[in-house]
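In what follows, structures are represented as structure tokens.
Both complexes shown next keep subunit A, but they swap its partner, so subunit B is in the first and subunit C is in the second.
Moving on to the complex of A and B:
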């Protein structure tokens, strides 16, 4: 799971998709005229660029980083079995030569020879198997260890209790076996139809021998060694410098020689630096600059906006008995004027949600939410009254450090005006406080929930969020029929069929809502006059392989 | 001229004590001469400090400007309906960030609320916080200063050092810490939210008043009429209430009036930081906070301008009033 950090959430905003574009799986890249021509121009090799970064919160170990600041760094440094296409997010084989399966439960992975870590050693099958075993091993306490959950034997490497006093039964997962230097097999405990897509997530990056020999060495926390296109040469509190990895053996070679990742704590200075050409790329535009399209005039022909795999919603607390009433929930959902809010608050840079799955992923189906996500105040009022209304003060909890006050206030105002209910915001000082209160189930009323996809699959927007007992099921949603559909989809013979069943599962969410969909988020970005071919990936990150110096 | 505070009292004293009588006679003599010009003043009754101050104030244009502004702001706080018939909480998002127009005199804000209505209704919080915090600091500070100055000795040391401890905490920093420690819950009544801010300001603001009070008490104490009252066996309470307090109050009043303005500014600062008054409370600080951001300043400057203007005017009005009364109460002028 990658929870969006507040700073990123602050300015992530969406492409204003017109209704016709809504079905595009590959998000259209709305941007200024020059981009289109620049993108087609031949890219020059060499040169250095600086891009906006933020402080990684965790050690830079692939299995320990679950937020975007560190994730962006690791994406540049690591190569995985699978690479997500930077335009369509479709999975493409990278280190893997093939990933074969006949039953979605037993997989054989063949590696391309010639991939090297930045320390010069070759990437072999054991780097995956040993690396994953290390990452999944309970006592190592890696934050992303749950990504290995589908693999057979995962339970045996977990600690017996919370403090890990009871050591795991095994040190390796029985589902992983090295066949030869360039082949290994993965067995999963249950059928997984989209394992190939999942394998592109950072947690599945191979780990070099040097790391596996001494995983506790502090240097890995700042200078990870990966098989990716870049390697870190400098890592301080103010900047992280990447150099081209001379040993890189993959297809996704960057044009630039050096990338400086300048650390900013706030969107405004990064924006000002790009306007003044002191910084080459920022993927964070302050929301207030988006109003009246000011940023587009500040940045003539050097701005873009890209829909990314982020979905935002409000979830009703499972503690709040009144909100367990589905009719009430539906009435409230119907009374959110999504188009006006996205236009007035987000300056047209977010798209009203019409379901629970982001349009950028494979398997997205438009209009799943139907009338429930369409603003109709008379019908909403009718349903609200019929449902018995809400007694007391309804609250929406949001974090105060992420620019969430304006939209939540607008939702509240809308409910107050149309339904006559008493609505108030509950603003926590920061993102962490909000998450803690959600995890401890301390809140009542609604709270903000956002989800940035880990891998581009419809499944990633459903299973971790709404399956009974799932890791990020903040609203304690439980729907037996839905759970059964998810399992059916996971066992589907191919992705196409799996997606179809996942879509059926998503449709069930409209019957019994787990969360009120708000909008899909995109990222506006800007660049200096020095660089060209600037693109964002569907994950909302800067595409370091495409960018080049003019 | 910091002698007895009112002429009738002086006349009472005349009959009862020779020592005060002498003072009163002396005072009568002196007050016949205008200190500013030095020449004799003809046809004026002997004036007390208070009537003197009032006499000066009436001639000070600064006083009238500030008085008019303050009356307007107080009216605004008490009866916002007099100024606008719009509901500040009735917002229409579809007309957000509308420029000033006949329908919305000051334009609309991010949520589409009428900026004029919100600015008018915002006066209540600021004035309430300002007046209550001033009353709070004045009462606590005066009491502590009086006791410290009047009693002296170890009690003085104790109270003064306690005051120093609080004085060392910067007002804004302390306010942030206190309000952060006691956050508002959803559904906290408006008046409790206001009183929390007031309490934070009162707790941190009293030492300066206490110091001031103590020093003016120490100034008043050696005077003959106090000695006389003591000699006559007056109880401490009576001495304080009828002799010390009336003659030591003036500096406290002047400083409190000036402080009132700065308390309003601090309330706005705390609200701007999101820990003073919060939605659904309407306050200038909250409005300014919502409207700030370079992009908003460029696209809709009026959202920021009007609440800021009102805030500045309110702060200025109280500071002007303080200034005017400072001049009026200044003993050097008489």
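Moving on to the complex of A and C:
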């Protein structure tokens, strides 16, 4: 998943996704940017726009960046095999001419000819195969290496021990083979029905020969070379400037000639600059502006809200024996007044969750959580008493550097008043501390969990979070039937069939409640009078190919 | 004089070593893994954590880490931070901005503050005196983030006289933030100048000057003010020193990419290398600013000798 920069999260307190979570969600009918009339207009080519940016936190290598600041930069300069439609999130072929498979385990990828990196070299099959092998190779210590896990031979390129003293058995994954300049094959160790969707993630971007020759080149890491619509011409502490890539061979051509990412450390100055027309787009609105819709009156028609693929929940600690009782979890879930909290605390801009999967993705099915996610305090009390109640003090752990105190207090108070249990907040100083304690399994009671999708598929909201032993299975949920369903879905002949089985798997979560769904997150954004066609993608990022100057 | 300067410079060495050591311990003994949270809601791959720890010597004992750091420091190398940039280059990109901001703030302090103090001191007990006393009290009591946000709203957004933010850090952009930053100290400078001026007005040399027929204006500018400025210079000097450390709140409001913002961000992201490097730099700047103030005493009052 892609992480939002903790600094911004901290200082803005609340307009963040995972690390601080305060992003606001719209009612479903507001979920596209067409809420405001100025959003669309005839697209004119040329001109320059400025966009709120933040300081990248890692070297700008596609497989080493998983936070939004650097991720946005890389998305502008890279093209992948697959591109996500910015309205529907559906995968569309980009560099790939075709991705064929008969069994969901052996894939043949054909590349479109004519794609060039911004250094002028052609994108060939080996740029993918060599690039992915480099990124997955253990000693290269790439943060996103786990994305290559499904590929056959991934285990052989991992280090033998945690300190990487024992070098991997192989340097390349046996599942990747170059057939010719424009064809390569991918074999996966298990069936993966949604591989095509996954291939649109930044980590799967092809790497040019210039990088593979000298991966440690510091200059490359500031001025990455990709086959995308833009190329970086300036990268300083205050701004990152993109120019249209003259060699770009794809069909997602931008309208503007130049984009400047102005670095902002806080939401308020960026917002104020947009109001004063000094900045063209910001995707961070300060929380105090959202309350009472202050920002809508400030901006007239220059705002929008876009639902993005973020799901928020609370998860019961696996160490807390009492919370292993699923009837108790169900009672607690039924006693959360989601509509009131999203309206009062999040200024009506988050939507109550009705399942475990974000509505923006392919495969979302409404109402999976059913009555368990609907507020009913009499029934909740009944179920709570029947389940035997909770003895002692129940805690909810949240990080103090986001806007989490208000909602968690509301949830806690609701439980106290309706169910008569003892509930207390446990506030950690920051997101990192909370994650640290979750990873080390030091917490009891509930803790806050969130998920921002990597790629727009129902699978991404299930497998990494609830499969036995999965990397983000913070509550140590384990259900053999559920795991089997995931495997069945992964082997399904087509996506439609796969989604159906994934939905069945999701429905199984309602029986055991491994995480209590809270709400889905949306991104409010604003733009200046100078620009039009401002859209956010389902990832909550600004669509640079759509935006144009008036 | 030279001997004095050299002695002071030599005295700085143990101070720098002591300060960096305390700092180093505080930063690197912080609980929590610096890689925690770096990979979002999932733990970082073990190979990544191992490479990260090895690169920053986090796998070695604290004293060894400090020794390595000190060795590099002697070569003017403040290390490479967690994002792969040298701390020296990060500081070099931000120091000019902080310097400009501090310079504007100090100019505001000097001109507005001292002028207000002199007027209040000369018109001691009059209407202007009370006006300045009350208004400086008001400024002192309002937190800087209120003054900053208000100034941004009124002068930047509503009236449009100044740029709303100062992301590029140019002189013209920094005028408004400079005034905001200087506002608090202006109040102190005005009060300090006024109080000293009033004290000195009863000194013998003022009576002598009056007796020999000097005009009131000359007495204030040539005699009283010069003697009254020593504590004021001390204050401004220290203030300049701390302004050089960046003004976190003001920089945040106006989006100034200065030292304050840099340190703030580095602390939040647990980028220890950046924090230690930047603060070491601040210690040096602060020590030098103090030395400069001490030397200025001699210029203002020849009776103070450094020999």
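Quick note on the criterion: the second predicted complex is superposed on the first by the 513 of 550 C-alpha atoms of A that agree within 3 Å, B and C clash if a C-alpha of one lies under 4 Å from a C-alpha of the other, contacts with A are read in each partner's own complex, and residues count from 1 in each chain.
Criterion: a contact is a pair of C-beta atoms (placed from the backbone, for glycine too) under 8 Å apart; a residue touches a chain by one contact, two chains touch by 3 or more.
This one's a predicted model, so the numbers in the text were calculated from it and none came from an experiment.
*Asks:* Once the structures are superposed on A, label A:413 by its partner contacts, choosing first (subunit B), second (subunit C), both or neither.
*Replies:* In the superposition, A:413 touches subunit B alone.
*Asks:* Quick check for you: in the superposed arrangement, does A:460 touch first (subunit B), second (subunit C), both or neither?
*Replies:* Neither partner.
*Asks:* Between subunit B (first) and subunit C (second), which does A:263 come into contact with in this model arrangement: first, second, both, or neither?
*Replies:* In the superposition, A:263 touches subunit C alone.
*Asks:* Where does A:287 make contact in the superposed view: on subunit B (first), on subunit C (second), on both, or on neither?
*Replies:* In the superposed model, A:287 contacts subunit B only, not subunit C.
*Asks:* Return the chain, subunit B or subunit C, that is in touch with more residues of subunit A.
*Replies:* C
*Asks:* Looking at the overlay, what does A:400 touch: subunit B (first), subunit C (second), both, or neither?
*Replies:* In the superposed model, A:400 contacts subunit B only, not subunit C.
*Asks:* Pick one for A:278: touches subunit B only (first), subunit C only (second), both, or neither.
*Replies:* Once the two structures are laid over each other on A, A:278 reaches subunit C alone.
*Asks:* Check whether A:435 is in contact with subunit B, with subunit C, with both or with neither, and answer first, second, both or neither.
*Replies:* Only subunit C is touched by A:435; subunit B is not.
*Asks:* Where on subunit A do the contacts from subunit B and from subunit C line up?
*Replies:* 268
*Asks:* Under the touch definition given earlier, write down the residues of subunit A that touch subunit B in their complex.
*Replies:* 268, 286-292, 294-295, 337, 340-341, 344-345, 393, 395, 400, 405-406, 409-410, 413-414, 416-417, 424-427, 429
*Asks:* Please give the residue numbers of subunit B that touch subunit A in the complex, ascending.
*Replies:* Result: residues 89-91, 93-94, 96-97, 110-112, 180, 186-187, 274, 278-280, 290, 293-300 of subunit B touch subunit A.
*Asks:* Which bits of subunit C are touching subunit A when the two form their complex?
*Replies:* Contact set of subunit C toward subunit A: 32-33, 36-52, 82-84, 90, 93-94, 149, 152-153, 156-157, 160, 163-165, 167-169, 251-255, 257, 261, 264-265, 268-270.
*Asks:* Taking the complex as given, what residues does subunit A use to touch subunit C?
*Replies:* 1-3, 6-7, 10-11, 18-19, 55-59, 66-67, 138-143, 145-146, 158-159, 162-164, 218, 221, 236-239, 262-266, 268-270, 272-273, 275-276, 278, 401, 430-433, 435-436, 439, 449-452, 464, 471-472, 474
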